[in-house]
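Got some structures for you, see below.
Here come two complexes built around chain A, the first alongside chain B, the second alongside chain C.
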Partner chain A sequence: MNHTFPPSVIAEIQERAALGRYAIRGLGARRAVPSFDDLLLLTASASRYPLEGYRERCSTTTVLGARNASQPVVLDIPITIAGMSFGALSAAAKDALGRAASEVGTSTTTGDGGMTPEERSSSKTLVYQCLPSRYGFNPDDLRKADAVEIVLGQGAKPGGGGMLLGQKVGPRVAAMRTLPEGIDQRSASRHPDWTGPDDLTIKILELREATDWRIPVYVKVGATRVEHDVKLAIAAGADVVVVDGMQGGTAATQSAFIEHTGIPTLAAVRLASDAIAEVGADVQLIVSGGVRSGADVAKALALGADAVSIGVGALVALGCNDSAYTAESGERVDVTGDYRKLKVLPGDCAHCHTGACPVGIATQDPVLERRLDPDTGAERVANYLRSLAMETTMLARACGKSDVHRLEPEDLVALTVEAAAMARVPLAGTSWIPGVTG
Partner chain B sequence: MEALTGEVRAINRALRALPDGASALVADPRGRHNLAVGLDADVRITLDGPAGYYTGGLGKRADLTVNGPVGWGVGENLMSGRIHVKGDASQSAAATAHGGLVIVDGDASLRAGISLKGGTLAVGGDVGAYCGFMAQAGTVLIGGDAGDGLGDSLYEAVIYVSGRIAGLGTDARVEDLTEDDVRKVRDLAKTCGFDHVDPENVTRVASARTLYHFSTQHHAAY
Partner chain C sequence: MCGIVGLHLKDPALEPQLGALLSGMLAQVRERGPDSAGVGVYGPGGLAVRKGVGDPVALAEEFGLAGMRGHQAVGHTRMATESAITVEGSHPFSPRPGLCLVHNGSFANHATVRRALEAEGVVFDTDNDSEVAARFVAHRLDRGDDLDKALRLVCDVFDGFYTLLVTTDDEFAVVRDAVACKPAILAETPAWVAMVSEYRALVGLPGFAAARVFEPGPEEVCLWKR
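After this line comes the complex of A and B, so read on.
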């Protein structure tokens, strides 16, 4: 364990004193917190009967929002792409994510700043976010959407609103958001036209009326008081609740938010699924925040999620933090020097907020943008999503499940006391669930 | 003119089915929420009595008259068209409206014109606190007095106040009235029937633009 003033803390204080600022960065929490890595799956042996890997079918079909919508969202896999804005990401990055999601039969999500025509056309299933800022929000795009997600918060910065620094507020972004070019853009932390769950009920009904009750309404919360927030979202009429844990990413926020607010995804998923079960509503749960692998997906589903949402993982698949990009000629162009200008190395970059993304993903710079080829990017993200789906079904089969949605808490044990308490599954080798069985 | 009664969902379906040029009367709105939401046609609608939250929200092109007061968020995210409230409005009138005109003959409560994105809000009477909070573009005309925190964190929207201002919000300032302003206020007051507004004697409030870039030097401003 570090002492109170290790060299990194001293350096940070000195920087604050010299420059009068605090740290702002992208991506998610970097501190070690209990995570899906602290859980293990109890696959089959004598007491359970496994299905044949690479042979017997294991369904991944996922239906979201059937309780009120005449056209619920039906996905081929329970892994969706999280909301990330055009502005935070380049148009090509949004396009590539949409194409990848469409190729593997899942959804992608808009973000602060509205819906671009590119992402609508490239995304077979597109979730349209209704954020507190309402930048670019309009009824035409709402009616083009396949679901609408009312965003109350985000795991990286619950209660904190958003920011897009001036270097990324270029002409197109500024026009879409009705803001002057180049300003440090503030996204509101609370909605302008309602406060509290009773108002949210009416807001949800407004969106249903505007879409003739056709599409599902999701409500997204940053993981803090999860049990209460999930119950209130359900009471307000949400068809789907999205819970974003503290490891969830962002394009820019204060480091103090990223590292010191919210609760880990591992704790959030169980609190949310228990809340839904207690209410007994036909409401689906999407969990996000640090989901990286099929093992993470399987564990999230076992804890009660109906689907997961990935953001940072998808960006990394797209080429985020890669030491090189692929030019149109197919040549790999090394950009380590560009990372060095940001005072980081490939693999350790979280400078999305600067707009100087060396691989052209988190930027609005026309020169940098060209470094991302949407075709290549889409193929890479689709590969990644397929690999996650395959891993998930592999583990589900080994647990004896013919449908990934039949994974359950009984399929899990924990490696640590903390994880056992958060996930409410037994500590491995025992029947002890801290706080539940003693 | 078609006369509509029944539940909100049925009324809204019937309203959205109206062709361009049609008119309809909702005879007994009973203060219900979400009436006339999501319209997208050149139609004339009258709600003959009080209406609830989000009246005429997410609308385009329609001309809506409410013969009574309205709840929160009248004309929320309006894109175009006109909403005329012949009464008072509760909180967040014309919130995030991108276009169109929302007229409130009476008073409007807190945060009228919040996050306005290009629309126009005209209030004949007084407005509560934080009118125009974070308003990005568009115009707010206040025929009466304005509450505390007027124009807090404004971007490029402009507010005109005919009466007294209890207090300006962060980064809002009073600016000199130009001939363009007078012309604009005169036209708007005429459109709204606000005979009590003297275009040459309104106060123009706009952003001082000192908070357009984040800085710890602004710590005391928030």
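After this line comes the complex of A and C, so read on.
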């Protein structure tokens, strides 16, 4: 039964009492929050007509950042790979994500640790992050990027800085970040160049000048005061706003942050798209945090997103939480024992912070790293992204849309009163939108 | 779901018969739209729009359609889909002097287009999806586009299934969506151009036997100008 002090809470208190520290882990929030699962699409029937999948077009082309950039980002699908640092992930994992994204015509993103030459060459379209930590940030790599993403925050830890435990600060990671090897790293939560939209305006201009106004500037925020933050990002000059909801993944964050800060992606997407509409600017919205399926993508687009970004889903496609990895010989090698050493089972692992990833994804250990074959990994992630795009167009066609970007809030209803209020769509079977129609 | 008829006269000798001819055509699409009906007649005094709720044939009589004269007329019989059966929600929609739009089909993204138009200051009378198309065309004409350009933009911007007959004081235009599955039959003789949802609505027109009968292609704008 659920009560104030169930065994899990007792165990947490006992751990804190014994060690005098807080819990840290990876991936996203594990509590149940209103989500895209609480929405349903109203597909066509007699009053509207569906489109045929085998011969009637449904476009997925997505253009981002055309308002200021001479070379906007043009993607074949509205699904991108989120920023995940080299350091948090192995070089092979970054390489595989880049190859998969290139294969399906979408972008991938660097992370809190800089750009590796491998990911630059494997990613056709690469977004370069500019973070408070400034790890690995330099003008040379900036000019090699296809877009720059200023990170004000992440959904998993809005207001918090990065974290990379010593076991993952190997020689290459340490060199890229100018850090001592093997020492726990906690990075800044605030960039020294800006504290608000006024200084941010100057930073954005600086980045534009350094790149000759060629590439779009994204601003990423963790979803908290979304309406204000989106409007301020636009006022500061952002071409694209990335809003990461509280379910958003991470490689290592205090669990108090993961579970108790920010707002659900479902609420964030509607606030953000309404804010953009209110300003009336030609600014695109990318939404992330718990996007897993084509149904999630379709619902996010219907609520006003131009694209989604995926972190954990892509890692799972790579092999995260798999009970085995595929050796060079093609043989499947069971690693349940390695999960057990982390006190978890395959399917329930969120131990990216340890660097002891049993499948070689979230690690810098040369032995573990070899468990991930980038060729197989890239193929699996590409398959995953393709299937998401197919599901999205299937649902869009069933709603009568010749373009996935024409899904609209009126195509949705909610299963719960909470979701109806957050997404501002009617409760299924009623015309009631709590807070809007009474 | 709806019936459309339209007649554009090239031969002025037929002008006294315009209302009678259109009334005969309208009766042939009665079953396609039993909920409400409306007509737009371009007569000596300019465009007159009449609409009502109920049986199209009874309404045509109430409007005195058979006695009307002019150079061009459109008629619509409506079977409502998602919006209310009211006089305001009946076609034609005429949001700009001289403009008439009638629609058969349903749009799949009209809520988004409506919001975009509202953001530009356009005001709506109804929750009807066809009004969105009519206001869109009016807005483009206000912005200086010609009718051909405005209808091409309709194809770019709207999703869904539609046959539209759009008229101005001197133009008569038909356009269909990319799938082109809602009926639209055009017929042309040296004396007139007609557009109907059902073939049988054409056969009573004078000289029909010699008419060129054809269907507009997907996203093809067919336009006649006086």
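The criterion applied here is as follows: the second predicted complex is superposed on the first by the 436 of 438 C-alpha atoms of A that agree within 3 Å, B and C clash if a C-alpha of one lies under 4 Å from a C-alpha of the other, contacts with A are read in each partner's own complex, and residues count from 1 in each chain.
Keep this in mind: contacts are C-beta pairs under 8 Å (C-beta built on N, C-alpha and C of every residue); 3 or more make two chains touch, one makes a residue touch a chain.
Remember, it's a predicted structure, so these values are computed and weren't measured experimentally.
Partners chain B and chain C fit side by side in the overlay (superposition on chain A). When the two structures are aligned on the shared chain, A:D193 is found in touch with chain B, with no touch to chain C. A count of residues in chain A touched by chain B and by chain C gives the higher number to B. In the superposed model, A:E209 makes contact with chain B only, not with chain C.
Legend: residue contacts after superposition of the two complexes on their common chain; A:R48 is shown touching chain C, with no touch to chain B. Using CA centres, the angle subtended at chain A by chain B and chain C is 120 degrees, rounded to a multiple of 10.
In the superposition on chain A, A:R21 contacts chain B only, with no contact to chain C.
Following the chain A superposition, chain B and chain C show a smallest Cα-Cα distance of 32 angstrom. For chain A in complex with chain B, the touching residues are 20-22, 133-134, 137-140, 142-143, 163, 165-166, 177-180, 183-184, 186, 188, 192-194, 199, 202-203, 205-206, 209-213.
Those residues of chain A lying in contact with chain C across their complex are 44, 46-49, 51, 56-57, 277, 280, 399-403, 406, 408-410. Residue ranges on chain B touching chain A, taken from their complex, read 8-9, 12-13, 16, 33-34, 37-38, 40, 52-54, 57-60, 72-73, 76-77, 79, 91-92, 95-96, 98, 111, 114-115, 117-118, 133-134, 136-137, 153, 155-156, 212-217.
For chain C in complex with chain A, the residues that touch the partner chain are 81-82, 106, 108-109, 111-112, 115, 119, 159-161, 178-179, 181.
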